[in-house]
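Before I ask anything, let me first share the structure, which is written out below as structure tokens.
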């Protein structure tokens, strides 16, 4: 092994050499710098590999030929090696990135950069407090120099503020150091820890610690740091964020050991305040670099929390801390580097990335990594962290962390939304090959560590899951044209179904059919798309992969990972819609919020078991069981868009593309329902403070049904109408589940199937119509029946089925519903459900009437039927609906038997044509035949007596002896249910929307208010620093 | 119960009897309403003349397929509803086609005709048709609610959804009728009944003075004839459901005629006295006055 | 009303005052002063209501007489303002901005007399008549009888009688 | 021609431009056809009885005579006992009572309403104005002979005829119908050109299709 | 003796900090920090001295094995030296900044450099 001292010596030597070389040899200088850093990275890598392979143990390096305390010693272990690799690689990549700037600035800049990297390495390596001080001061000075790399004139001011701040920090550090020395007689950190002379309350230790923590720029004493992030050269910011912070973290980590755990709460507290505060303040930022600065601070906060929780993390400590640190470092460096190729500084200027899908891929990778989505290390780390926190009853901390993570996701995904949507400025991006290479390297590194962490994870590597791989494979196939990709996608889904068919139980099978057979069916409609449709297939397949994994998940980890994957996939899908950006963000926030609740629930249930089996949910301790149930149920209900957490759905479904809406509505929503089924099968009834939670769910289901229907009735936008209708339909399903009896469950499954078929079909037809007419507003359509007869038939069959009118399949649902409620224990929610029922007619009639009936508009006179590929799946759905109406047993019989093992009472009997329950009977085929015969007889009779009917045109209506003026004024469509709105419109007051808006508004106002704190004055920042030290000390003392 | 070919002529016989009874009953009721207004009123056979005339009209127009099918849906709904419910209790002959489904089928099949008619009227392109449908659907949402609650209460009471079983449970003296065993349910159902009979105060759907005459504005000749036929059958079919659920059913045709007449008269008596409600007024009225009865009924069973 | 007339006379060149009734008078004014007179009446004198606007065809003098009848609700008084127009150049300034209802009257006058009110909303649209293609029917040079006979078929055998004479004849057998 | 009836160029959602001719595109232009009895004599007889016993009057009052129709609904006259009732829509009516003078403007609406009624349909002219112009014999805007424009089955003379006269007229009309002689609709179809020519001679701004279905 | 040094040192630090926080002129701030740094160095020296021990010269008088107990650790002194050097470096850097700020912005008032905030 090359000596660890080379991390100090080599850059130092190179720096001096650079100074000695004559002026004007920029190329040589640059190559030398590059070489040095590359060499250092190699050395670090070799150390790391050696440690990883277990070839060597942690090594001490002694200087000056004697042992501490009389000399300085360095220590290198696995963590240090990793840190060094990170530092030097970041340095190397930044140097590559900075090629032009360094050429301009000359050898001195390169030397300073080398010194900077050297100092950081020193911080990581050294075990001597004074040495640490020296390296920190070196970083400070180097930073002061490197800030000047920026072309931004404002960087000067920022740099000076930085220097002022560091003066105060260094004074604190020095005083703390000397008193520590005074107390312990040594400057060796290990010696201090070993000596045991330093008590937990030691002011000196506090001063040193707080000084090091201040180096991490904790909220709120960090105004100076933000200014640097904003104004410095992005490559330098990348180093500052990824490398310098890492080094400081090593130092803090080391020093905390001295106090033997007594200062851990301090670290946790500062960390959690930073994590929450910085994320909150980031909400109102528009400047990309500043927002990255906030995010860096937040991540450091999170890491401080992890460090502070070291006492309970045990063996996982390095895995968790490393995961979060690496995720942060790579993502943040990557983002800073990306910001360097963007010309303007507003978040929306990043739209320039749209120029190349690869940029978007990199951006998405970094964002996903920062948020901690699977398969990135942050995901594994957060999972473990949350589980361990929950296992040790640190729930408040856990919730604070999740809340802040949600805030972080909010601003990051909002940013992502800005980038994906809107017109890009083609000149908004400067592409230099070296910069792109660096960014690409970061992207590769991101996936590399994702793989690495998966390998290390107890729960198994997510990247080994075939569905996920298949989805990711579509990223590589983006160059193909739509038809090929579509065929491929369809065959992948069907293939996966065929392969796994035998392994599904009847319950899973129903969902599997919907996902893996229904999905391809809807995908048929994607054949109409032209071009390559970049981004569609990976997102779709990601969603399907998540769903496919979800239904077979055995452990809570698999389940949660699948859940997150399908959430990401569907988020990207939703984001593809024209005006979907605000809805996509509310979707992802609600989904992640729900997911975090689920995570908490799983963590509570697992009680420290990092690989908790879902089947163990039934054995959760009774004290936490209702809470687990509650958290998981709310999590699932955000996905089914139960009332209260439904506000993301209408916009998301309405604005999505024509073939995406049916997938979202028909398939995606079922994920939540599946989760609820699993939950309720395993956990049964739970009551909290004497309230039966299934009873609450009954109410939620009933209210969702009622309000969803009501709101659907008042929509002008056809797709919104359908979206609200989905809320209601899933309300019914939820209601069925919450009945907790055999038929209730059968009802829910019936709704699952029915809702999939007819809602997919309706979304497709409405999508096709909207595509042709160029609008989704129903009152602007009308009279399309003759022009789009097939779409009309699909909608007609669809609405008959939705409304539950015999003889179509919706009736089966109603019949089972009535039989199920006969044994219901709670009757009050039923009243709501009863009221909801007929309201469905309102919106259904409106849907079909205002689009297909009534008056055809001028501009639509020459419309054609929807594209073949959109009609085809609709017709298949029509056929499915008919078959399902005739022989519901085909799908339900097996499930009925399957449910018997959970609910032995109240199964149906399937003798012959008639389906019999304990209370009543129903014979679908007889009904169909009877209705058919009556109908056809009467039709024939009418045809006979009315054979001479004259076909007339749309204005041949009696109009009080006048004639219609124009179709627009004759088509009664807008505000169709005006009197109904007068009567019951008060129920549709958007109270829920207002509630969530108010929360969002409050958070943003708070952030807006709080950020006034950073008034830009360096002296104020100094006061902040001092006040932070004093207040933290007082609080820490007060606590201990 | 299973299907038997003999059930077809039996069902047709039921249909024939009910159709004729409906013709006469409607005329009789028109006459009664006329007498309230001190008029002589129409001849008792007037409905036959009107129906025949409309079938006899030579020309007709059509606005399209759904327009054409609307009345077919309408009448099929009426006929189907009639045939899905046993008419005469204990009679194999007049239990019609009730083997196909139970009470729930009847409950939901009511909407079959309504929906088809609404679609047909919609295709005529006449704004009044759409306005009428909008009003009708709005009103039905709350008018059906007390009835649905009452049905649920009755089903709970007798622990069955089979109409025959419900009637059977009410046999043995009129005190066994649901009317007396579960008065709240019956109260709710009868108030809901008012809303579904297209009579004042709940006839804003047709409202001849303002939206002449709602959904059927464009319908004429044989279309109208089909709808008239339905108008004769459908209320009776509906009343049969009420009779079976709440008033002990009918064991013979005379009892059937009398019970149907009196149940029908409830809506007529209310109708001749009250003026018309706005949609929002009737929606509120049902929620405030009828639904609480239903809730009590459901909770008390 | 006399007092009112004198007040107005001091301001505008008014013609003679015609007192129809105690509370209904007519004055004549030239077209140029009409607007200011109307404004004076409306805003100062309290004649806030335009009761009607009508015309008379004085074919003998070759003039149209426009009558703007204004009402004072508070005092229950009416004043008719007359303006004489040449038949050849039958154009008058519109007052629809003073009273929106005036637009309807002006539309009617345009159709029935052919008096034009430029800029009055919809003044050239059909009002009562549809597809009228002759000279305006209320002009006295329009011969109604001729027009009716030329346009609408008569039923042969129609007799016209003076109703009074005919009734007397029929009922009381007089007139033989 | 009203502007909304003029041909216009419209741009479809896909940007394609095309012409819309409202008269042709929004109205059916097929001329009426003669519709003779379609069934055997005995059935037609039954139908004629039914037609006579079920007279549905279009609720359209054209002139001052409209006021004389209203009392027929009251207990004093109670026309319902003759099988008469009023319908608000021409589609369902089979009797059009032209109740008094008919200005050209109203004539246009009357023609439209009449054509929207279904065969067989009947017209009764009420009052002398419909017969020969009555007191409006020299009006510049009132037609004088209703049967020039519509096939009239029956006139009821008077100015105005009282409700009793109207009732008597209806009873007369029923006799005509029962005898199968009320074939106004077919006459109208047969002499369609002639009727149209008469109508167009007085209606100068003909802005509707020749036959309003 | 040590206590006087300590007290003076802390006094100087406080004076320095007070100066740095109350003066908005950059040069005055730099001077104030220099004062504070001096104070810190004084404190370092004051604390680093341990009474009753000998100079850190390892010879016969002080055995290597007993060194830890017998001699005054030379590190604090080394620390002070280094700190002084580093302080000098930082001060120099601050002065450079001050110069460039003056050149580019024409003012040395720190409250004027607030274009980066919030």
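Read from first to last, the chains carry the letters A, B, C, D and E; within each, the first residue is number 1.
One rule holds in what follows: a residue touches a chain if its C-beta (ideal position, glycine included) is under 8 Å from a C-beta of that chain, and two chains touch if they have at least 3 such contacts.
Because the structure is predicted, anything quoted here is derived from the model rather than measured.
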| item | value |
| --- | --- |
| If a chain touches subunit C and subunit E alike, it appears here | none |
| Touch-network distance, subunit A to subunit C, counted in steps | 2 |
| Length of the shortest touching-chain route, subunit D through to subunit E | 2 |
| Between B-D and A-D, the pair with more C-beta contacts | B-D |
| Distance-maximising chain from subunit C - centres being C-alpha averages | E |
| Of all other chains, the one whose Cα centre sits farthest from subunit D | E |
| Mean-CA-position distance for subunit E and subunit B (Å) | 98 |
| Between subunit B and subunit A, distance of the C-alpha-averaged centres to the nearest whole Å | 53 |
| Approximate Å spacing (C-alpha centroids) for the pair subunit C, subunit D | 36 |
| Euclidean distance of C-alpha centroids - subunit B vs subunit C, Å | 60 |
| Of all residues in subunit D, the ones touching two or more other chains | 28, 35, 38, 89, 91, 213 |
| In subunit B, residues with contacts to at least two other chains | 55, 58-61, 212, 217-218, 221 |
| Sequence positions of subunit A contacting 2 or more other chains | 948, 950-952, 954-956, 958 |
| Contacting chain pairs - touch in the sense defined above | A-B, A-D, A-E, B-D, C-D |
| Subunit D residues touching subunit A - in the complex, by the definition given at the top | 4, 8, 10-14, 16, 18, 20, 22, 25-28, 30, 35, 38, 60, 89-91, 109-110, 112-113, 116, 208, 212-213 |
| Of all residues in subunit A, those that touch subunit D in their complex | 772-775, 858-863, 948, 950-956, 958, 961-967 |
| Residues of subunit A defined as touching subunit B within the complex | 783, 785-786, 796, 799-800, 803-806, 811, 814-815, 818-819, 821-822, 827-828, 830-831, 834-835, 837-839, 841-842, 845-846, 848-849, 853-855, 914, 917, 919-923, 926-927, 930-931, 934-935, 938-939, 942, 945-946, 948-952, 954-960, 970-973, 976-980, 982-984 |
| Sites on subunit B touched by subunit D in the complex | 34, 37-43, 46, 48-61, 208, 212-213, 216-221, 224 |
| Subunit D residues within the subunit C interface of the complex | 104-105, 108, 131-133, 137-145, 148, 198, 201-206 |
